[in-house]
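After this come two complexes, each holding chain A, first together with chain B and then together with chain C.
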Partner chain A sequence: MNNSLFTQLLDLACGAFLLAAVVVLWRRELAAIVRLFALQGLALAAIALLLGLHEDRWDLIVVAAGIGALRASLLPYLIRRALDALVADRTRDQDGARAYTYSEEVRETEPLVNVAASLLTAAALTLLAYAVARPLVELDPTPATRALPVGLAVVLIGFFVLVTRRRALAQVVGFLLLDNGITATAFLAASGVPLIVELGVSFDVLLAVLVLQLLTARVREAFGTTDIDDLRELHD
Partner chain B sequence: MSPTAFAFLLTAPAAVPLAVAGAYALAAPRTRPTAKAFVAELTGARQRASAQGSVLVAEAPEPDQVSARHGQDWAGLVSPAVILTCGSLLAADVVDDGPKAVYSGLLRADALTAWMLLVVGAVALIACGSAPAYLAGERAAGRASVRTVWRYHVLVQAFLSAMCLAVVTANLGVLWVAIEATTIVTAFLVGHRRTRTSVEAAWKYVVICSAGIALAFLGTVLIYYAARQAGIAEAWALDWPTLVAHADRLDPAVTRLGITLIVLGYGAKAGLIPLHAWLPDAHSQAPAPISALMSGVLLSVAFAALLRYRVIADAALGPDFTRVLLAGIALLTLTIAAGLLLAQRDYKRMLAYSSMEHMSLIALAAAIGSPLALSAALLHIAGHGLAKATAFCASGQILHLRGTSKIGRVRGLLAQVPWLGALFGLAIVGLLGFPPFSLFASELGIARAGFAADGGLGWVMAAALLLVLIAFAALATRATHMLLGPAPDAETAQAESPSALWPLVMGLAACTALGIATGPLGDLLTQAATVLERA
Partner chain C sequence: MNTVGYTAIALQVGAVAAGAPLLTGLMRQTRALLEGRAGAGLLQPWRDMRKLLRKEPITPVGTGPAFRWAPPLLVATSLVLAVLVPLVSTVTPVHARADLIVVVALLALGTLALALAGLDTGTAFGGMGASREMTIAALVEPTILMSVFALSIPAGSTNLPVIVAGAVDQPARLTSPAGLLAIAALSVAVLAESGRLPVDNPSTHLELTMVHEAMVLEYAGPDLALVEFGAQLRLAVLLGLLASLFAPWGIATSASLTAVLLALLLVVLKVALLGMALAAAEVFWAKLRLFRVPELLAGSFLLALLAVTASYFLGGER
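Our next item is the complex of A and B:
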């Protein structure tokens, strides 16, 4: 693959990667958010694949396939299943109120920061990421490291989602955006961390999502809602 | 020692608990399909649905079941014993022959590793020794079904395994994986009661710790990037000794960013500001032996990771960067802990905030960074682990006894349960920093090192001592309130079982022994501090 094509494709994948994170802030339907997260996983796998092809490293291509399988299909599937379980649970409880509960549990009805302000914040966070990443790019200016601020921007946006969204599953997606951002940073900066670390990290993320999925069910069982803002029993 | 034996000693602390966890998981009775189990599940679910403090009927267990349960609860002591044995053998070897690595640098033992292994083993011995009494209490109260007890054992052993892996690995990426794994396995231990409060604590714990520690991973990635750019090969770019040796070649700007993220991230797990909010909730909701493990060693295992990064940062950036960062974080954490201790009405939360106080003292010692400060910090890690584990295990028994964790509703412990009351009181006295407990020696060491250091650290130390005094007053008045006074009328002097008390006695005895003379551990402590100051 020649260099300019590689750069263009890499920038395209990184653009899609960032765009998916920003659109997560825009959408309120949890199902749509999960789909966007899956798309972002694909973009991440594409970044790893491009780097692998560019550097002729087969191990990176295998890692890219693994990342695609985990982040574009398995994790979205798990969250999707948790979402369906919440809806099914509620409709079994009170059959008549289906339409009402539908809007209640599967939508981010009232995020702490509204959509317009969220999008503006995302823009500000992206600028911040570019400012912070200047020394990182200057250390070794290649096409890949020039795209590195995108990874940091997604990390910041993930944090923002985690802090401002109230639905438990939206927070899980926020955590995963954060994690996607870090993985992208690792690929763009140094073509990924060593394989054993990458495996350990993926395993940890998978387990963390399983734990959070079970905890979501328990939050629902104990509080009757998955609105994390209602968790106010413990304070000083 | 032959390399094979050495490799075995390094592998066993992480592998044996994992094997025990596997054995527990395999040995767990599969009673799900039977009608009896179904009924038990159903009543369990009903009890969960009813309010938390409801009165529950205790069932009389059959004799053979009881003996099986005892075996099952005591089998958990195998792992702490193995960790302690391996820790002492490694200590003896490392003190004489210096650090050694096996499996191409994946696992490595130096004096700090041996020291942390000994601390983990000792605290785990207290926590696992207290587990049978705790579980018996839970069973008597009808809160523990057979399945939850097995799950408890599996998760505790996995937790120990992850902590030991974090201690023995030299690869900074594997270190991160192990510390994140501790969050995952303890999530269900924090939330095992399924009440509103414990589910809330578990959710906050997982979200805050995972997000916080994700920052540490980003920091690790940046250090890796800097190391690769400095010409270190892929396989060695996350190896701690290699990074320390070549730290002067790391790009300062990238390293600065990476170290800041790492301090914030591992600081979250060590109970330091700004991501400390999970700590009081998780510590107060977890079962007492788990609180003991989390407060006694999990915080310090995360902090030991920070200490290792501090060496790299000091070599790459000069000592001032981490000094300002750590001193600032330590003072802020200390302020928050002292302030919230003053307003505390719950004794488990009180102990949690006391942990934050002690961790910030250790952070301050790391900021000072002189040999005296570092060995005092390591001694403080050990002393705090032992005393806090004792205090938490005692508080669990107090909770069983009185059914409340409100300080205002607990009076006259000494009159009702003289042994337990005295042990809890002594543990608090130890945490307050009185002699003969080792926290006296270490706090004195930290204070002396602080006033000897230049660059305004004396003033920081003075402010810290003032805050420690506030925390001291708060902790002392609350503990006195709980211990003194007349025993409650309904249930006067109760019989106390020695099986529940020996771990507490042992913890305090170890803490006292460390305070009087470090003995053969003195060499290890000095060498461990040397490992950390080589800059």
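Our next item is the complex of A and C:
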């Protein structure tokens, strides 16, 4: 693969990666947010694949395939299942009050920071990531390290989603965005971590999502909602 | 060179002035056909204008110069835009003055004139429309500026013909992340600026939703014809700008008459296609609630800002 084509494809993948994170802030439907997360997983796999092809490293290509399988299909599938469980539970008895909470449950209706302000904050966070990453980029300006701010920006946006969303599943997506950002930063800065570490991290994330999925189901059973803000008081 | 340049400008302004009502007619006709109606025909906006121009001019009691001067000012700024924006050729006698900031300022001047006219009538609708229009404009103008800035960074100039000519030379600039983000941001901004569907519905007089129509509610006769002509001109120029910036192929970059004529044909085709695509999309869109509009516009502003930052860190080797 020649150099300019590599640069252009890598830039496109990084652009899609950042854009998916930003659009997560824009959308309210949890289903749409999960789709965007899957899309971001694909972009991340594309970044790893491009780096692997460019540096002729088979282990990176394997990692790319693993990331694609895990982050673009398995994790979104698990979150989708948790979401469907919420919906199925709610549609069982469709009297007025229940139907209303159903529509509340699958949408991020009232984030702590409203959508327009979140979008502007995302813009500020991206600028911050660019400013912070500049000295790092200057150490070794290759096409991959130039894109380093993208990884940092996604980390920051993931934090922001984690802090400002109310629904448990939206927060799970925020956590996964954060993790995607960290992985992307590792790829762009150092062409990935050793295979064994990557495997460990992937299993860690998978387990975390499984546990969070269970926890969400339990939270809903106990309190009838997944709005984390309702869980302020302790009960015995 | 100069005769060809002046010919290009004359052709461009003529095409925009004659074609803008036709573009509106084409869009209405496309929409009508998709909705299963017969439609009024392509020439209906011209017929409307003839009808309005024959009526006697009436101004409401108590309105001042802001109300009277807004329609001619709107048409004048739109026509100046039609001269400046590089639609047909990038080498014209005015190409040094076709700066991005001048173009955005002229757009804002037209918007401001109409908003002042809406306030001048002193009616509830006029004031409401003006306040909504200003809310939208305050978010749209920076978006247009930022998204074209993103394109101007690789070109190294905010001069529109230079940007367009650069994009013709190096099409890779448009498929970079910065270019794609800028396309998305500018498309939303153009929709909002020309008062099209997700932001404002041009074919309704429903008091809760109208923005542009609320401001011009008091106009009648020739003034109304001018206001509508101005709005059509703006739509045509903005779609033309979008076409030139993001699909610049075929625009004349040299001073030859055949290139100019070919470019004119192509730009008419591109704008007609864009208009038809927009009309077809509008069939499927619903108007956004007014309080959701700032969200959409903040989103497009964010895209534009990302386009600018991305052109710094995803620019490849420079």
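Note that in this section the second predicted complex is superposed on the first by the 224 of 236 C-alpha atoms of A that agree within 3 Å, B and C clash if a C-alpha of one lies under 4 Å from a C-alpha of the other, contacts with A are read in each partner's own complex, and residues count from 1 in each chain.
Throughout what follows, contacts are C-beta pairs under 8 Å (C-beta built on N, C-alpha and C of every residue); 3 or more make two chains touch, one makes a residue touch a chain.
All figures in this text were calculated on a predicted structure; none of them were measured in a lab.
Peer 1: Once both complexes are superposed via chain A, do chain B and chain C end up clashing or fitting?
Peer 2: fit
Peer 1: Tell me which partner A:V63 touches in the superposition: chain B (first), chain C (second), both or neither.
Peer 2: neither
Peer 1: Contacts for A:A168 in the overlay, against chain B (first) and chain C (second): which applies, first, second, both or neither?
Peer 2: first
Peer 1: Tell me which partner A:L12 touches in the superposition: chain B (first), chain C (second), both or neither.
Peer 2: second
Peer 1: First (chain B), second (chain C), both or neither: which does A:E221 touch?
Peer 2: First partner only.
Peer 1: State whether A:L75 touches chain B only (first), chain C only (second), both chains, or neither.
Peer 2: A:L75: touches no partner chain.
Peer 1: Considering only touches as defined above, state whether A:L44 meets chain B (first), chain C (second), both or neither.
Peer 2: neither
Peer 1: Between chain B and chain C, which makes contact with more of the residues in chain A?
Peer 2: Counting residues of chain A touched by each partner, the higher count goes to B.
Peer 1: Please indicate which partner A:L127 is in contact with in the superposed arrangement: first for chain B, second for chain C, both, or neither.
Peer 2: It touches chain C, and chain B stays clear.
Peer 1: Quick one: the Cα-centre angle at chain A between chain B and chain C, nearest 10 degrees, please.
Peer 2: Rounded to the nearest ten degrees, it is 150.
Peer 1: Pick one for A:F159: touches chain B only (first), chain C only (second), both, or neither.
Peer 2: The first partner, chain B, only.
Peer 1: Can you give the closest approach of chain B to chain C, taken over C-alpha atoms and in whole Å, for the superposition?
Peer 2: 18
Peer 1: Give me the intersection of chain A's contacts with chain B and its contacts with chain C, in residue numbers.
Peer 2: Common interface on chain A, chain B vs chain C: nothing in common.
Peer 1: Which residues of chain B touch chain A in the complex?
Peer 2: Residues 106, 171, 173-174, 176-177, 180-181, 183-184, 187-188, 191, 194-197, 199-204, 206-207, 210-211, 214, 217-218, 220-222, 224-226, 228-229, 234-235, 237-238, 251, 253-254, 257, 280-281, 284-285, 340, 343-344, 349 of chain B touch chain A in their complex.
Peer 1: For the complex, which residues does chain A have touching chain C?
Peer 2: Residues of chain A touching chain C: 4, 7-8, 11-12, 14-16, 18-19, 22, 26, 114-117, 119-120, 122-123, 126-127, 130, 133, 137, 143, 146-150.
Peer 1: Looking at the complex, which residues from chain C come into contact with chain A?
Peer 2: 172, 175-178, 180-181, 294-295, 298-299, 301-303, 305-306, 309-310, 312-317
Peer 1: Of all residues in chain A, which touch chain B in the complex?
Peer 2: 132, 135-136, 138-140, 155, 159, 162, 168, 171, 175, 178-179, 182, 185-186, 189-190, 193-194, 196-197, 200-201, 203-204, 207-208, 211-212, 214-215, 218-219, 221-223, 228, 231-234, 236
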